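Right after this note come the structures.
After this come two complexes, each holding chain A, first together with chain B and then together with chain C.
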Partner chain A sequence: MDSLWTFLQFKDATLQLVTAGTVLIAMGASVVGCFAFLRKRALVGDAVAHAILPGIAVAFMLTAAKNPLILLSGALVSGWLALYCIEIIQKTSKLSADTAIAAVLGVFFGIGILLLTHIQHSDLENQSGLDRFLFGSAASMSTADLLTYAGVALFLLLAIAGLYKELKLFSFNPEYAQVLGLPVKTIRRLINSLTVMAIAIGIQSVGVVLMAALLITPAAAARAWTDRLLVMIFLAAGFAAFSALVGSYVSFSATAMPTGPWIVMSLSFLALISLFIAPQRGLLARLNRQRLNRIKILTENMLKAFYNLGERAGTYQKWLTAEDLARVRDFTHAELTQGLRILRKKHLVIPKQSGYRLSRQGLDEARRVVRLHRLWEMYLTQRMRMKSDHIHPNAETIEHIITPEIEEQLLRELDFPEKDPHSSPIPYPQ
Partner chain B sequence: MIAETQEVIPALEVHNLSASYQRKPVLWDVDFQLPQGKLIGVVGPNGSGKTTLLKNIMGLMEPDSGYVKLFGEDLEKVRHRISYVPQRESVDWNFPASVRDVVEMGRYRKNRLFKRLKAQDHQLVTEALERVNLLELSQRQISQLSGGQQQRVFIARALAQQADLYLMDEPFVGVDAATEEALLELLTEMKNAGKTVVIVHHDLQTAYEYFDWTVLLNTRLVAAGPQESIFKKELLQEAYGGRLTVLSKIGDLMARKDFPARETGFKEKEGLGDG
Partner chain C sequence: MSSAGFYIMATGAVIAAACALLGSFLVLRKMAMVGDAVSHAVLPGIVLAFLISGSRGNLIMLVGAAITGVLTTVLIELLHKKARLQEDASIGITFTWLFAIGVILISSFTGQVDLDQDCVLYGEIAYVPLDLLYTSSGTVLGPRALWVGGGLLLLVVIFVLVGFRGLKISTFNPEYAKALGISTAFWHFSFMGLVSLTTVVSFESVGAILIVALLVVPAATAYLLTHRLKAMLLLAVLFGVLASVGGYYLAAALNGSIAGAMVTVAGILFLLAFGYSRWENSRKA
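Let's look at the complex of A and B:
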């Protein structure tokens, strides 16, 4: 924990710089990534990340320098070329989008590796360390690198802030943007350039292989929490910044540790948690909703069974056993136990040694469910002209969903009918 | 004087337009003019090129030949007077945006790229939402709307644009009978306010009832004109080739010239389950 304290104090100037730079780079990539994610261009991001490698290699071979601006220019050119190739292939051939993307990724990356190998076996000076582009190493960045990359990241963020509403429209409905007369060609070029730039500046800290994760994972994690684009962007930036801090800390405290993989690890962890526990859209919330729905359906069906038995016997005061209920409907043993327990807890049934009967509220509730079932059957036969022997299964599901407002409308439209299509009386509240 | 010239200038002129996808022709030499201030249907069977026609009119596609004039001008000159409602399925409704966000898009303009919307824009957005009856739902996420509500979001966005000519691609698809009626009322209101409304529609039966004018399309132009001149057995047969069941129904309707009161459909699925 000592190291965490030292880290958080940021006494070391280099540490400050590397950390701040990494955070800014990660934020830039994640914000650009939100739009790539929403435009369903995650794979394109991956292809561009790989396609940047030959650009960097050629830039290095031509100038024999590791000047960040020159390497960045090389990266931009080859990233752009890759995007262009993907577009051309899709337009002129009948290949599907993912085939085109995979083809471009493979070819560009292959060339990149070839060139890199060539450089490493040549006697160009200064050639060592180019492989850091493959896996990333934030610590190896010079001050000049960092300042350049951070500057670019800042530019990305400002460009997106300035054109936020147009980018939103363009991502949602590009044709409409065009119809409004917005410069969609320029916007498309801009967003492509921003993507290539975000990837190019991230590569040195995260590496070609993991770059797509830095682009897309924060967006995916953030999307789980919100339905607002602006909130999503800020959350994504926050996740990315936090993960960049984690990555920087790990490589600070254990010198052999690379930054990039730890950034991506942290991001993946955040994404996993988000997809699991986020309200509404998370897996847990969904499972819980499903469970509640299932319980609602089960208990309402049991109330109906009580009601049907009572209707036949002419009284709802008789004590009924689980076996009686199972005669009306195929409840499993487990369902009977669970359903009766819940009904008892809600005071909808009253237990006694010899069995159960509906309580007053229970009877009201049972009447409501039966009423909805029979009303819906009326609606199906009268309004949708379905045959009366075809409607029961449909009503079995719909009865559990109808809200009070819909019930009211049904009643009004059907003019408060007395009997359902099978001539059973429709029970009204008493 | 101004009113007179306006009546003379057609709202839309499509001149010898041909269009194709990867060289497969979809529109052949389509040529017609539409007057201002009418409610006009573009009618034809599936795949007859209705959407393609709208895309060519809106400059979303390059025609192989021919041209389009709007209020006697090229699209670029009168863009602000034209509003387009795309087919509902053309976007991903899971996009993180609220109803209001989408309607606001109708106020975006080329010359206001880096600027925020003005108070007046927000006012127009609110009015548009009110007209389609979505004001209470304006903060709701667009994926949590029924099909009919999503359609109304698109129409509100077009209304917020404050145009003179509206081109709508199948606004009645996925809409229940009650909403369809309300929409038709709104469109009629727009027409009465002097707007020209062009609706792509594929149901012949209701097309006769709804529109003042019809463009019958089936890859080529079958006919364009006021209702009485279009709804003739030969023309319909030409457009819908062989589908005689529809034709005989229409024939009956034509003979009687009155329509049974349409039933109101059941309430939209608002609040039903949570998907």
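Let's look at the complex of A and C:
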């Protein structure tokens, strides 16, 4: 914990700079990544990250300098070229999108590796550190490099803030944006350029292979929590900044540890947690909704079984056993146990040694479900002109869904009918 | 030609041929990027198996590492179907996460694992002739990697020959396959298992990232030129072998990575086929 405290004090000027730079780079990539994620272009980002390599190598071979701006321009050119190739292959041949992406990714990276090893084996001076691009290492960057990359990241964030409305409209509905008269082509070029730029600086901190994570993972984690783009962007940037801190801290306290993989570990962890526990869209919330829904359907069906037995017997006061219920409807043993337990807990049935019968509220609730079922059957025969022997399964499903408002409408539409199509009486509240 | 050069080319050729056969089905199943993900995600499996067994050569390690690859496909499916994450993001998150674990493992056990970052990136096919197998009487049998690669190619060829009908139908028409009683799940998992095994075997020769190029590029090149599956498979193998031979000479000329050069040649072949297919189409139109 001592090292965490030392880390958090940021006494060391280099540490301050490296950490701040890494955080800014990660935030820039994550914000651009939100748009890539929404446009379902996440893997294109992966391809661009790999495709930047030959550009960097050629830029170095031409100038023999490691000026970050020159390398960045090389990266932009080859990143753009890769995007163009993917688009052309996809549009003009029978190859599918994933093949186009994988082929461009592989070939560009292969050329990049060939050039890079060529540089390393020849006697060009000053070539060391080029392979930093492969695995990324913010810690070994010079101050000037770091300032340049952080500057670019800041520019990206500002550009997105300035063009937020246009980018948003374009990402969600490009056709509509076009109809509104927005320059869609320019926006697409712009958003592509921003993406390539974000990737070119992002590989500085996490390297080529893990760059895709910096784009996609924060966006995917943020998306689980919200439906609003602005909230999503801020959340993604927050996740990215936090993970950049985690990565910087780990490589600060254990010097052999690379920063990039730990940033990705932290991001993946945040994403998995988000996908699990987020309200509404999270896995747990969805499973819970499904469970509640299943229980609702089960208990309503059991109430109906009680009602049907009572209707036949002419009285709802008789004590019924689980076996009686199983005779009117196909309940499994587990369903009967669970359903009766829940009904009892909700005081909808009264238990006794010889069995169960509906309580006052239970009978009301059973009437409501049966009423909805029979009303819907009426509606299907009268308004949809369906035959009376075809309507039961449909009503079985819909009876659990109809809201009081729809019930009201049905009643008015059908003018409070007495009997359903099978001439059973429709029970009204008493 | 030196025997070292021949060994390198032959090893490259058997690996490229195995990749081309499986890659054709990846391309047709629209799973090229899943192949990419698997080739990255076997890294932690390789490192772990290496730590446990202490060597790269043994069969248990190969199979153990290959299981990681199959788990990757399961994980992608889970994220996509259960957590309702869009498919591209599921692929991206899964393989970056597993690859990060692999790099962290390598960093934690430096010294204990004979793997470094360069090897991960572009393999060590140039060192293939250094690791030779001998008979007990001392006759040279050839490089170990060539024998392993040859065994793999044999396995892939047998799999494709025996399973041709099942693979073909479950690739082109999964619904029809079900109706015929062919298990699409069986073919999916045995196919992905083999892709994953191929990735592990090719790993030390060409590195994690270039495997995807060997899987996808020759197959895509062949697909541009023919509609027939058998012709596609044969052409893909041909392009894979050409890339390996051409790559050896290109690398020698530029004094660069052989694996990188192989992929570059494969890229040039793709470009030619792409140009040809566009010219064909415009002529017909």
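Please note the rule applied: the second predicted complex is superposed on the first by the 430 of 430 C-alpha atoms of A that agree within 3 Å, B and C clash if a C-alpha of one lies under 4 Å from a C-alpha of the other, contacts with A are read in each partner's own complex, and residues count from 1 in each chain.
Just so we're on the same page, contacts are C-beta pairs under 8 Å (C-beta built on N, C-alpha and C of every residue); 3 or more make two chains touch, one makes a residue touch a chain.
As the structure is a prediction and not an experimental result, all values here were calculated from the model.
After superposition onto chain A, the partners chain B and chain C occupy separate space and fit alongside each other. Looking at the shared chain after the overlay, A:328 reaches neither chain B nor chain C.
Of the two partner chains placed by superposition, only chain C is touched by A:43; chain B is not.
Of the two partner chains placed by superposition, only chain C is touched by A:106; chain B is not. Contact with chain B, but none with chain C, is seen for A:409 once the two complexes are overlaid on the shared chain.
Residue contacts after overlaying the shared chain place A:121 against chain C, while chain B stays out of touching range. By the touch criterion defined above, A:241 lies against neither chain B nor chain C after alignment on the C-alpha atoms of chain A.
Once the two structures are overlaid, the count of chain A residues touched is higher for C than for its counterpart among chain B and chain C. Looking at the shared chain after the overlay, A:179 reaches chain B, while chain C stays out of its contact range. Taking the Cα centre of chain A as vertex, the centres of chain B and chain C in the superposed model span 110°, given to the nearest 10.
Taking every C-alpha of chain B against every C-alpha of chain C after the fit on chain A, the minimum distance is 8 Å. Residue overlap on chain A between the chain B contacts of one complex and the chain C contacts of the other covers 40. In the complex of the two chains, the chain C residues touching chain A come out as 27, 30-36, 40, 79, 82-86, 88-89, 91-93, 95-97, 99-101, 103-104, 107-108, 110, 117-118, 121-122, 208-210, 212-217, 220, 223-224, 250-251, 254-257, 259-264, 266-267, 270, 274, 277-278, 281. The residues of chain B lying in touch with chain A in their complex are 58-60, 76, 79-80, 82, 84, 86, 90-92, 95-98, 101-102, 104-105, 108-110, 113-114, 116-117, 141, 143, 157, 161, 263-264, 266-267, 271-274. Contacts from chain A toward chain C in the complex involve residues 37, 40-43, 45-46, 50, 89, 92-96, 98-99, 101-103, 105-107, 109-118, 121-122, 131, 134-135, 208-210, 212-213, 215-217, 219-220, 256-258, 260-262, 264-265, 268, 271, 275-276, 281, 283, 286. The residues of chain A lying in touch with chain B in their complex are 38, 40, 162-163, 165-166, 168-169, 171-173, 175-183, 223, 226-229, 232, 289, 293, 379, 383, 401, 403, 405-406, 409-410, 413.
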